[in-house]
Structure formats: C-alpha cells, structure tokens
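For reference, chains read A, B, C and D in written order, and residue numbers begin at 1 within each chain.
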Amino acid sequence: MKILLTGFDPFNGEKINPSWEAIKRFPKMIGGANILKTKIPTVFYKSIQKLEEIIEKERPNIVICVGQAGGRTDITVERVAININDAKIPDNEKNQLIDTPIFEDGKNAYFSNLPIKAIVKEIRKNNIPASISNTAGTFVCNHLMYGLLYLIDKKYPNIKGGFIHVPYIHKQVLNKPNIPSMSLKDIIKGLKIAVVTSIKFYNKQDIEFSDGKIS
Amino acid sequence: MKILLTGFDPFNGEKINPSWEAIKRFPKMIGGANILKTKIPTVFYKSIQKLEEIIEKERPNIVICVGQAGGRTDITVERVAININDAKIPDNEKNQLIDTPIFEDGKNAYFSNLPIKAIVKEIRKNNIPASISNTAGTFVCNHLMYGLLYLIDKKYPNIKGGFIHVPYIHKQVLNKPNIPSMSLKDIIKGLKIAVVTSIKFYNKQDIEFSDGKIS
Amino acid sequence: MKILLTGFDPFNGEKINPSWEAIKRFPKMIGGANILKTKIPTVFYKSIQKLEEIIEKERPNIVICVGQAGGRTDITVERVAININDAKIPDNEKNQLIDTPIFEDGKNAYFSNLPIKAIVKEIRKNNIPASISNTAGTFVCNHLMYGLLYLIDKKYPNIKGGFIHVPYIHKQVLNKPNIPSMSLKDIIKGLKIAVVTSIKFYNKQDIEFSDGKIS
Amino acid sequence: MKILLTGFDPFNGEKINPSWEAIKRFPKMIGGANILKTKIPTVFYKSIQKLEEIIEKERPNIVICVGQAGGRTDITVERVAININDAKIPDNEKNQLIDTPIFEDGKNAYFSNLPIKAIVKEIRKNNIPASISNTAGTFVCNHLMYGLLYLIDKKYPNIKGGFIHVPYIHKQVLNKPNIPSMSLKDIIKGLKIAVVTSIKFYNKQDIEFSDGKIS
C-alpha cells in the first residue's frame, strides 16, 4: 500500500509550518505501507496542481493532507471541504481570491472519505487531544482539501483521502500570549496514528460516535 | 414583500433562546415588508417540517432562520449548511442522530443565497460586531439551515434564504465565567439590519470583500 | 457626597478608551451625590499625580477609577493592586518601566475598599455580566489603582476607592475577530450601578459571596 | 543544596493533578542538588501546615510549589500571592472559605523571591511556552504560595521560594473541547529548567525583561 502525506510551506509570517515539520520527519514505511512525503506551496491552485501531479505519477491508495490551524488546541480531523475561496490574507504568491468557487464543475462540498471518527478515537486513546472539525476555513487548506476530494470524485475513485489540521507547535507561540500549542512530538505521534488507522479502515466503514458541534 | 423569521426553542439546559427572544420582539413590518415570525422546535426533522408548512402556506420571499451560538462573540452570518447530523447532545425530544445525512437526495452542502457579505458589512457599519461563519455546526441549527436551502433548491427557487447565529445574551452568562455575550438590544438591531439588507439585495448580487477564515 | 470618577486616554493604538467614553457621559449627580469626572493620562506617575491633585482639591468621598481591559468579557471589579510596574508596551509618553516598585515606601499590595462583592451582585442583578478580578495587570491601570490606594492609606483614610475594568466596546472589535466586547450603554449602566452601590455601602461592610478564581 | 518541590492532590473532579504527576517523576538529584518531593492536600491551612512541617524538618534552600491551572496555555511562574481566601468551589475537605485573610498578621501580599523572569526566559529558550502570571487565584494554590512566602518572611529568610502553575495535561482534556493542554513530558522539562535556574540564581539578582500584562 502507498500513502501520500503532504504538508504546507510556512505562511502568514511564520518561519515554519508545523504540518511540514511533522511530515518531513515521517519514516519511509509505516505498518508495511510506503510513505511518500510532499511539501505543498501555500498558493491557490498551484497547491492542487502539485498534488495532482504526484497522485497521477504515484497512484497512492491513501492521501492525507496536513495543514496548520493556528489557535486550535488539538489535532482536528476535517469532515468537509467547501467550494469557495475567500482569503483573509494573500497566499504565498500574493493572490487573494475572494468568493470564487474552487472548481466551477465541482460539488458544493465534499466529505472526507477517511475514517475520521476512528482516527479521532485512536488518537485520543493515545492521550493526545483530537476532534472532528466541520470547517477547514476558506483559505488554501480548505482549497487543497477540496481539490483532493474533487480529484477523487472525478478521476481517482479508489483513493481514500482527507485533511488534518494541527495546532501551532510550541516554538511558534513563545511570543504569542494565551495561544495554545502542541509539541511536535505529539503532533507526529497523532498523525502516525491517523495513518495506521486509515490503513486499517481502508476497506471498512468508519465507526460511529458523537463528535459533532452545536455551533 | 413577505419575510419569514424563525427562532428556536431553548435547549441544552438554557431557559431562553436568544434567537426567539429577538425574533418575537420584531415589529410586523420593516421597510414596507411584512414580517412573519415562527418559533421552531429544537428537534431534528420536526424543525424542518414546521418550517416547510409555513413556507408552503405563506410563500415568503425571504426566509432568515436564527439560532443561538453560545460562546461566539459576534453575530455570525452562516455561509453554508452541510448534509450531516452529528449531535453532541440530544435534541429537545431526546433524539441524538449521529453521522446520518439530513436528506439522502440532498446535495453535500448548500450555500446561503442571502447577501451574506452585505449583511455583515451593514451590521458592522452600525457598530455591532458581525462576521461570516463557515460552519453552523452539526446539530439542529445546521439541520434547519440545510432543510431550508434544500427546500429552496427542490421546490421554492425564488426564495432567498439563510441562517444567522447570535451569541448568548447577557443574562445567560451571569454564571458562566469568561463566556462572551451580547445585549438583546444589539442582537435585535443587528437582525433588523440583516432583514433590511436582504430586502435591498433581493434582486442584486452580494457585494464582495474578504471575510474568510484561515482555518 | 462627592464622587470622583476617572477614565483613561486611549492607548496601544486604540482611537478611544471605553473607560473615558463611559465616564464622560455620566450625569453631574447620581442618587443625590455630586459626580466629578476626570480623564487621566495613560502615563506612569503622571496618572497618579493628576489623580492626587484632584483628590487634594476636591476631597471626594468615593473614588472609582475605570480602565480598559481589552479581551475580557465582562465588567470586572478589581480586588487588589500590586506594587510593581512591568510594562508590556510603552505608555503614552514612551516610558516602559520594567520590574520597578510603584512606591518604595508602599505596601506590597493594597486591597480595594469599595464594596466589590456588592457591586458585582448588583450589576448582575441588572443582567449585565460582572465579576471580581484578582489582577489589574502590571501596566498603568494597576499603577493608578495602586497609587489611589496608597494615597488613601497614607493621607486620605476616609476615602473609599477602587478600580473597575471594562471590556472593549463594540466599535473597537469590528476588525478584531473573536474578541469579546460590550455595548457602551451596558458599560455605562454597569458603572452607574457601581456608583450607587458604593454610596449605599459607604458606611457598611461589603457582602460576602463566593466569586473567587481557582487560578 | 536542598530543594523542596511540592505538587497537589487532584481536585474539582479531576482524577489526577498534573503538578504531582510531574513532581513525583523528578529524579533525586538535579545539578548536584538534592530534590525532596511532597504531595500537598488541596485543603485550606492543612496544605500550609504540611508544607511548614517539611520545611522545619528539612530546611531546604529553595522551595518551589507547583499547582494546576486548568485552561492556561503555558507554564506560568507566579509573581505574587495575596492575603485572601475566596473559594469558588469547596476544597478537598469541603471547606469553602470566602473573603477571609489567610493570616491576620500577614502582609497584603508577598512577591515570589524566585528568579521568575530568568525562569521564564530559560524555559522559553528550550521551546516550551512560559510566562509570568500576576494572579494565582484565590483558592488553595494562592493560599499555599502565600503560606510559603509568609513563612519565609516570618521564619526562614534564607529560603528562596515561589509557585509555578502548569496547564492541564493532555489526558485531562480529551473530553473538554477547546481547552488547551501540555504534554506531561514538556511540563517536567519546564519544571526542571525552573529548578536549575533557581539554583543558578540562588545568590544572584533576577534578570529584567518585560513580561507584564496590560490587564
């Protein structure tokens, strides 16, 4: 089995991006599966283009894209990506798309087909905080997740794919009072559990337990 | 022009629901338009059923459903509803739906067709904090919003509709330390601006400005 | 009876200071007492000096200093001021005092002698969120509160005095996502209740109820 | 050199207290100094009594008491303890003291005489978030810190002592949405740095840099 993991370039004035810091430290194999790692530019459309090139070339079975969610307290497994670009800040090539659809011929939204509940449950079992998120925002993270699920829908129906957001790591918040962070070690551990769980559930239904939000 | 406004029953141990507290105080006319007001039960499907009955009977031009988002700091205009029920708590009739689609034949998500950006801009102009939200959660608020937009998509294409979340009002947080709230007066004022703006943009495109979220 | 109320100049890039916005709108009399209002510069020592001049000249019975606590959700009645200057940012005359005592001959801390619990209770009774705070920070707010209580301790033993922090008002947070705020109207209402309660308890013991913090 | 470290019993429905989880895992020696470890009951006065017995018996050079500050994002080095008990919840023996002084003959407040700024700086240097706190609350943490500094002031002038608050550890927040936490490993690492720094500064002035709070 082949698993593609992606992290992002730093953006918004940060010097590092915890998603890539974590992914680049992954071993080449986990649980008998080959791990491919790619750094994705935090740029509208270029990000999706780069993802598509690697998917087309490598034909992975599972794709997990990872991004930074500064200010969140835990590892959040995204449930859904929506067909909108609405950038609060310019991307790394100064594009600031506002209220445009990502793909004109795409659905309004796509749901992750990773076992999102099982991933949350397994990460928590290992004493690392995790939860389901119902929004990946409207910047390049949601954009890439949408692009991945659009590609799966249109061209690669056998791929299991989704997106996981990770908090800032400690060194990013040393001068940001009251902003939560997680150690890189715990983030890597949590993401490895996500990989192993995705492999285990490759041909199985996700588990069901309540982890929704009231609002 | 006819405008239907809905608020919810109290839930989750609260004695009041600020959405209905606000809506029930609305006048019968605003800017020459007739205002209809309905209290919706915080119950899966019954909520949508009640909404549909009134829409079918009254044929409003605009429908704005309002709900409580405890813990948010401002009036949030929802952008999108997703086709999922995932209840963290039971609804008011003890149903706790987990990971079921709202309608099997519905789209993955529907976007509000209210002028959401114009509403945010106008509320802010009046010095009341407001913003776009990209998730209405996975409980009855998202459920009702999805139901409304599903009905618009399937049966009532001329209706403009969407959902607005309001914070707790002050008296709900007197014993909840560090939880933000807004005065009922400001909530009513903000919602009136939403109504007036929806009327004004009934046949116009929404304005464009950046109010997205990074994550 | 004579009551002195003070608010501060704007600081930290803000265009207004809600403390002065509130105080300057106070009437000349409340409950038979004369209200004196003074704007205090957000400057170390100059603030205390200006306060002392007015106290010396006017001999008020009660002094309530008010300041902005950006980020807090409610009206907070300060319990204690500590003998330290530790400025995170420069004051309005570019002084940035670090780890110096306010007065060498002062006590480590002074407790407010306003009826802080009664004030909190009465404000809440009027459905405005309020609580006791155990820190006024280490910038000019704590500095002025300390200065006031030092003066009471050393020279004006009959004065009742203390400090109240108020949240940002709405217009300050229109472009600050997720930061709580309160309407100026509610702030003024809360502060008036504080004044009336201080008069009522001028010769009485404060009430007792639990409003402490675990940490 | 002899160093006494204390942690607390669990309280407020928690099954563990991260302060004791951390302290009990400390080695017997650090940097040539002997480490003594004691678990303190989360009970008014009993806590101080137990602390005094050990101090009297062991005559440590440095005492660092550690407690849980649920909801904080980082390791916080307390600057000051105030002479008040105001319990929001009952302690572990059902005492709920409200607005009583800790010691009638004590000062209004005592400042930590640990090198608090150096500790914060050194912890941060090791990429663990830390900051100065200006309130230890009004429950048993502040109570014990006050008791320690009172004892130093009255009877043991050569002891260096103070208090450090640590966040929840991960397993405490698995079912507490949006509440920050830190890994036990990082907490232990941070506290060890605090010990080493306290030894290093035993006969030296603390460093000076700005780490105050506006409010």
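One rule holds in what follows: a contact is a pair of C-beta atoms (placed from the backbone, for glycine too) under 8 Å apart; a residue touches a chain by one contact, two chains touch by 3 or more.
Small disclaimer: the values here were computed from a predicted structure and weren't measured.
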Which of C-D and B-C has more C-beta contact pairs: C-D
Most distant chain from chain D, judged by the mean position of its C-alpha atoms: B
Geometric centre distance via CA averages, chain C-chain A, whole Å: 46
Rounded Å distance between chain B and chain C, as computed from the means of their C-alpha atoms: 38
Distance between the centres, which are taken as Cα means, of chain D and chain C, whole angstrom: 29
Shared-contact residues (touching 2 or more other chains) in chain B: 213
In contact (per the touch rule at the top): chain pairs: A-B, A-D, B-C, C-D
Of all residues in chain A, those that touch chain D in their complex: 73-74, 124, 127-129, 131, 170-171, 173-174, 177-183, 185-186, 213
Partner chain B, residues of chain A touching it in the complex: 12, 67-72, 79-80, 82, 84-89, 96, 98-99, 107-111, 117, 132, 134-139, 141, 165, 206, 208-215
